[in-house]
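As written, the chain order gives the labels A, B, C and D, with residue 1 at the start of each chain.
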Amino acid sequence: MLDRAAVDGSLRFRQVRDYSERLCEGLTSEDCNLQAVAETSPLKWHLAHTTWFFETFVLRPFKPDYRGFDDRFQVLFNSYYNGVGQQHPRPQRHLLSRPDLAEVLAYRHHVDQGMVSLLDQPAALKQPEIMARLTLGLNHEQQHQELMLTDLKYNFACNPLAPAYRSGSLPPARPAEGGFQSYQGGLVEIGQARGEGFGFDNERPRHRHWLEPFTLARALVTNGEFRAFIEDGGYRRPELWLSDGWSRVQQEDWRHPLYWQPDDTHPGQFTLYGNQPPDDHHPVCHLSYFEADAYARWLDARLPSEAEWEHACRQDQGDAAAARTPPALHPTGADTGAGLRDLFGQVWQWTASAYAAYPAYRTARGALGEYNGKFMCSQFVLRGSSCATPPGHSRASYRNFFYPESRWQFTGLRLARDATSADL
Amino acid sequence: MLDRAAVDGSLRFRQVRDYSERLCEGLTSEDCNLQAVAETSPLKWHLAHTTWFFETFVLRPFKPDYRGFDDRFQVLFNSYYNGVGQQHPRPQRHLLSRPDLAEVLAYRHHVDQGMVSLLDQPAALKQPEIMARLTLGLNHEQQHQELMLTDLKYNFACNPLAPAYRSGSLPPARPAEGGFQSYQGGLVEIGQARGEGFGFDNERPRHRHWLEPFTLARALVTNGEFRAFIEDGGYRRPELWLSDGWSRVQQEDWRHPLYWQPDDTHPGQFTLYGNQPPDDHHPVCHLSYFEADAYARWLDARLPSEAEWEHACRQDQGDAAAARTPPALHPTGADTGAGLRDLFGQVWQWTASAYAAYPAYRTARGALGEYNGKFMCSQFVLRGSSCATPPGHSRASYRNFFYPESRWQFTGLRLARDATSADL
Amino acid sequence: MLDRAAVDGSLRFRQVRDYSERLCEGLTSEDCNLQAVAETSPLKWHLAHTTWFFETFVLRPFKPDYRGFDDRFQVLFNSYYNGVGQQHPRPQRHLLSRPDLAEVLAYRHHVDQGMVSLLDQPAALKQPEIMARLTLGLNHEQQHQELMLTDLKYNFACNPLAPAYRSGSLPPARPAEGGFQSYQGGLVEIGQARGEGFGFDNERPRHRHWLEPFTLARALVTNGEFRAFIEDGGYRRPELWLSDGWSRVQQEDWRHPLYWQPDDTHPGQFTLYGNQPPDDHHPVCHLSYFEADAYARWLDARLPSEAEWEHACRQDQGDAAAARTPPALHPTGADTGAGLRDLFGQVWQWTASAYAAYPAYRTARGALGEYNGKFMCSQFVLRGSSCATPPGHSRASYRNFFYPESRWQFTGLRLARDATSADL
Amino acid sequence: MLDRAAVDGSLRFRQVRDYSERLCEGLTSEDCNLQAVAETSPLKWHLAHTTWFFETFVLRPFKPDYRGFDDRFQVLFNSYYNGVGQQHPRPQRHLLSRPDLAEVLAYRHHVDQGMVSLLDQPAALKQPEIMARLTLGLNHEQQHQELMLTDLKYNFACNPLAPAYRSGSLPPARPAEGGFQSYQGGLVEIGQARGEGFGFDNERPRHRHWLEPFTLARALVTNGEFRAFIEDGGYRRPELWLSDGWSRVQQEDWRHPLYWQPDDTHPGQFTLYGNQPPDDHHPVCHLSYFEADAYARWLDARLPSEAEWEHACRQDQGDAAAARTPPALHPTGADTGAGLRDLFGQVWQWTASAYAAYPAYRTARGALGEYNGKFMCSQFVLRGSSCATPPGHSRASYRNFFYPESRWQFTGLRLARDATSADL
């Protein structure tokens, strides 16, 4: 008799794992070993680390007959799990020419085989911990799939030859109506509810939160709108900036979003399709929190809190919007209807909320408890998803987080304001 | 006929201004020009900068016949007000041997004279902006009075001779009962209400906030309790630390709170009274957020949110406690009664809340708008007040804020926990 | 009729160029793109840069019909020739995954073809400037051949898997008699004489130099001898070190030569043959100038001046010794006869001479003048050659130079002393 | 009967010691505690360290009844003598507000008393080691007297108020004839001969050195001449610079000598007399080696070797010139006669010679052996003396040395060239 769940688990596993390797199509093994700064790991390292995750947290503890591929990989491909042991230093990941790409792929297939063999055992499915770790591992791999694209983009951008990851040109955006949408607020519920499917620990528990009335922009801020900020001296006016942001602007001589090309009067930008001409109607991206915040202040607006964003998203369309959007590797704008547009699949949207634990948050026991909680300091939450987020990895409760100076993700913004009585 | 308000304003002005100079008693002019790191400004600079504040924001705009003491001081003693113009670089404040201490005192007296003459004009009192800036200037000076003590302590601690700022020995603490106190929470009001007297803009507006039930420790964590954490390997166990905190522990080789002396098995510490023997019952202080957070995690507790702290403080005793406590220049513990003890006057208490704008927060217009808002990034809120806070500068709604790695303020902690049904 | 010189030039060109590619045998394209620190360029970059040299200095100026392979390579593969134009930043050479290794090899063959076609034209040979640049280019490529090996070794050493470049084990050294050999000195001639074949501009002009009597050790210092220094506390005794050296010892926590493995009581070391057991009779290598100097001081000896070294070398054996030694990729000691042993082919020998211009030294005109002269500051001269020096690239007048803290070259030492009357 | 030598020693001691204190006249205690960078120690520290030298090397070992002023000063005021024990970290000297200036002066007088009492004992004079250390200590103090002025100048220059150390204006220079003077060279003797009076160990032993014919400029390079270099793009032309120098030019954005004021088209400069208008005929000063070398290359000239300088100096005028020149605290040019002018008393003259040991150089035993030898690496020799050199501290054999990027000393240059047959 067919074990339906086993088949589904196994199928899903293969799909996600294949997607990682498909991302490397068209790349050389040298491309896959680039690391310009500590933050942008080599693709080969991502391929190996996601594999290490299954080997370490599923196969070694739960498959007694599993034989490790190479014990030295336990250190080489550990990212930050102190509970598992030592880690190869992050800034030196590009120094691992050995194992080469072929050997890392062999490592993947060795672990895949072990996983599939484990998943094919009906008994295994009765161990909820295995299935929980499988699901966590797949979501973990999807997070790295997005990083593979953003890291590759950063690394390629350091090459004066401006290599194109994919060929073709970017579609023009259809300009859409703007305006703001109002929300009443009150005592709302935030966070993932039981029964909503997989979520990371940081999305839970669902809890009550008080919201004052607010409004949210229907559309994402565009390149053209952001250029107006630049032309109004936005990068030269300290009164628009947080103090830490202003320091950064001066130290690193920021004058425009990352990847914009400064030489032209009407600038283009580096994309995963190589250098591309500018399009004023595309959502602006590769902004730091500091730039998003300064832009909002310039317009006498503000960034939404993450609770406002989630509440509005659930009110408006919920995860229906999340499901619909395909990744396009560059934000070109998609939605044109009424309501909040482009919540997902274009750019991550900076919120004004520092990344912190929800009330009554508990981390998991053991090394997997290091997944989220230990990063709850000095970072800001981003909501939605981007053009690099893999399919099936977006949802209303999702909390992404980065340091406020980070710019190499596909990050943009949607404006918010306090609601006035006229709004409601 | 006597102008009562004028007399009061003028008296208060003199009191606060005198207090700054009294803090320098017993110090040499060389002591007053120390700056070990960018953060710890020379006392002379504090004396001049607080004077610059009154000159820049009151005398120059509101006293037409005011003649500046030295126009070059507008740059030299501007801290961070980009709206006012250039600033002398912060790390180079100790290079200003000229003007010397005597000249800075002359500058103070010149500005004091101008202020008193302005305040003595009854007409002036009818200009609410003058009175608002006077009050802000005095509260600003009080903040610097605390910094004068913490900066001096840091600078003195760099001298192997361990100079004592004040003579005498520290009183032993009376051990007091511990335990936790429970709060029901619900939809509470947070922030300073109209009519509560002076508050900084970041304490307002008063707003609604939802709190789940929680408990707060009656007492502050003590040296003895913190030593148990150390002896349990607290500084060597990464699972207790935030990721950024663990990096800091390793980079700077932290093994104990700042100023503890590592050479002894039973360590003493450097204080404003010179090196002093340890007292296990004194509140622990000079902890970073990272250390406070790790200590709480070690005990399966957590830091309170700032809303929890303020709500409990108001419930319990409110500003009555704030008014009572005299500064002693070292936290020795004072209260022994029931309820929350030592809310004020001992150590600032780290909260789990990132420093952020309250809903509907608005900064002031112009350069004074730089006072608070531009620092709302990557810092954490501390509540209460410390043994170095000047009299009259504590209140339930007060929000202090520092970066999570900061240790040179008098900073400690009070534990919190989610309430269980048994607690309520 | 056969043009003998053309045939020879062309043959020599092919031999040297082939040797560079042969050095990459057994390596993956990922191996060829490693760069751990700015100093250790990727092998692929060396392959391209040496090609750029011929393209830039021979083909573009002297072969009218030459078509550049890719004009963008003029910037990518320029090392430091400001006279030629911009350079890709040195620390970012590893970010050039494009062009990939295959394309760089195609670039090499394109340029090789151009060169061979140029060399095959008899007319070309009459242009002495072409032949001079050909010879310079080949010697330049040989210098990079040595760097390819030392850079690869450094990069491989950063990989915990300790990859072996070549397989096999190292031959044991035959212990040889030690002792010192005396030289009378006087007014000697130093530097390359006309007619001695190719030399870099820094080896000329030959000039007079006064030498007091001195003695030189017959043998290189060995691992076993250097271990005695370590065991005597050599790395912990500041009185043995130059001040800058002692700072370096403390900052970088030096306790032994580079590549020695500290975990064992009797340490092995990382080599181009992977990790290898120690051999006390092999010459010690991978020493900085600071370590060589401290070792000599420990024995109440000193390093020779470069003039002493050259004079003794010419007296003893001259370039006969240089010609004989084959590269073995690790210094195992070779000579056993009388006289100065292992002058060439084992380790470069630090001298006490700062790298400076010889009297009446003149740099070449134009960009090629940047070859040597602009580095005459803060570096020290090394004499001899190493186990990584390609065949035909050693001679008595050769001046190698590195910063005193450099350790990644095959660098060791030979002791010297002032001669006493008993010596002479 | 009068002990003539005792009287002389004691008198000389008092004169040199008094001179250090006289240098502080007109300064506040805050002025005396400035330290902008690690290299520029507070004057108070210099006063204490020179005292520590006599206490440590004379009184403690040779005066049995000497009682130390404060044992903790042994660490506080040790500069770099590892043989004596620990040192207070150099960059933190400005953090020593205690002992204050008054206490340091008391320390000086305590030690002076001990020294005078020791020197007044006729027996003492029979111990040559005491007299040798006395003399060394006085010469050591004179070196620090020059540093007091150059360090103060650097520290004052960081203050936007541009404090003047001395009042008055600078005398204009009398333009003098230029031209070069020729020397035959040959086998010359260099270094201090026995009987020439005091010299540091690095000036000895006198030894033979071969010199090719050369010429030396009669005059120092002037401000006007150096401005021509700037106006010809000297700071923007990499071909004129050593590679390390060019890096420094770009990193630190050098565009003119230190202390020149860039705002004016015809720039003035900061001096010990405050800001002063430019004078084209004054010797240029505050040049790094890199700038001196680039200037010489621009004129197709070079810097002299130290042997050339010393040989020419002895030929020309010898120490007669050294004796004559009074310190004026700014180089204004003095000599107008024939021969080499301004060898002493204006600016130290960079030579092309790396600072190294003379043949057969031996350091002293014990901690005093650290005086010179351990700095023989990566520095260049300067010859002559400057306008800040104290009287009686100049001589033909004197070797000053600094890193090639150093600019805060009074450093300038005199050109040299190889002699042609026409010159001789």
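One rule holds for everything that comes next: a contact is a pair of C-beta atoms (placed from the backbone, for glycine too) under 8 Å apart; a residue touches a chain by one contact, two chains touch by 3 or more.
Treat the numbers as computed from the prediction; the structure is a model and nothing was measured.
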item: Chains touching both subunit A and subunit B; value: none
item: Farthest chain relative to subunit A (centres taken as mean CA coordinates); value: D
item: Whole-Å gap between the CA centroids of subunit C and subunit D; value: 38
item: Distance from subunit C to subunit B - Cα centre to Cα centre, in angstrom; value: 60
item: CA centroid of subunit B to CA centroid of subunit D, Å; value: 48
item: Subunit C, residues touching no fewer than two other chains; value: none
item: Those chain pairs that satisfy the touch definition; value: A-B, A-C, B-D, C-D
item: In the complex, subunit B residues that touch subunit D; value: 28-31, 33-34, 36, 72, 75-76, 88, 92, 94-101, 155, 158-161, 163
item: Subunit C partner contacts - residues on subunit D that touch it in the complex; value: 80, 82-83, 187, 207-210, 212, 238-239, 241-246, 289-290, 352-354, 356-357, 359-360, 369-370, 374-378, 404, 418
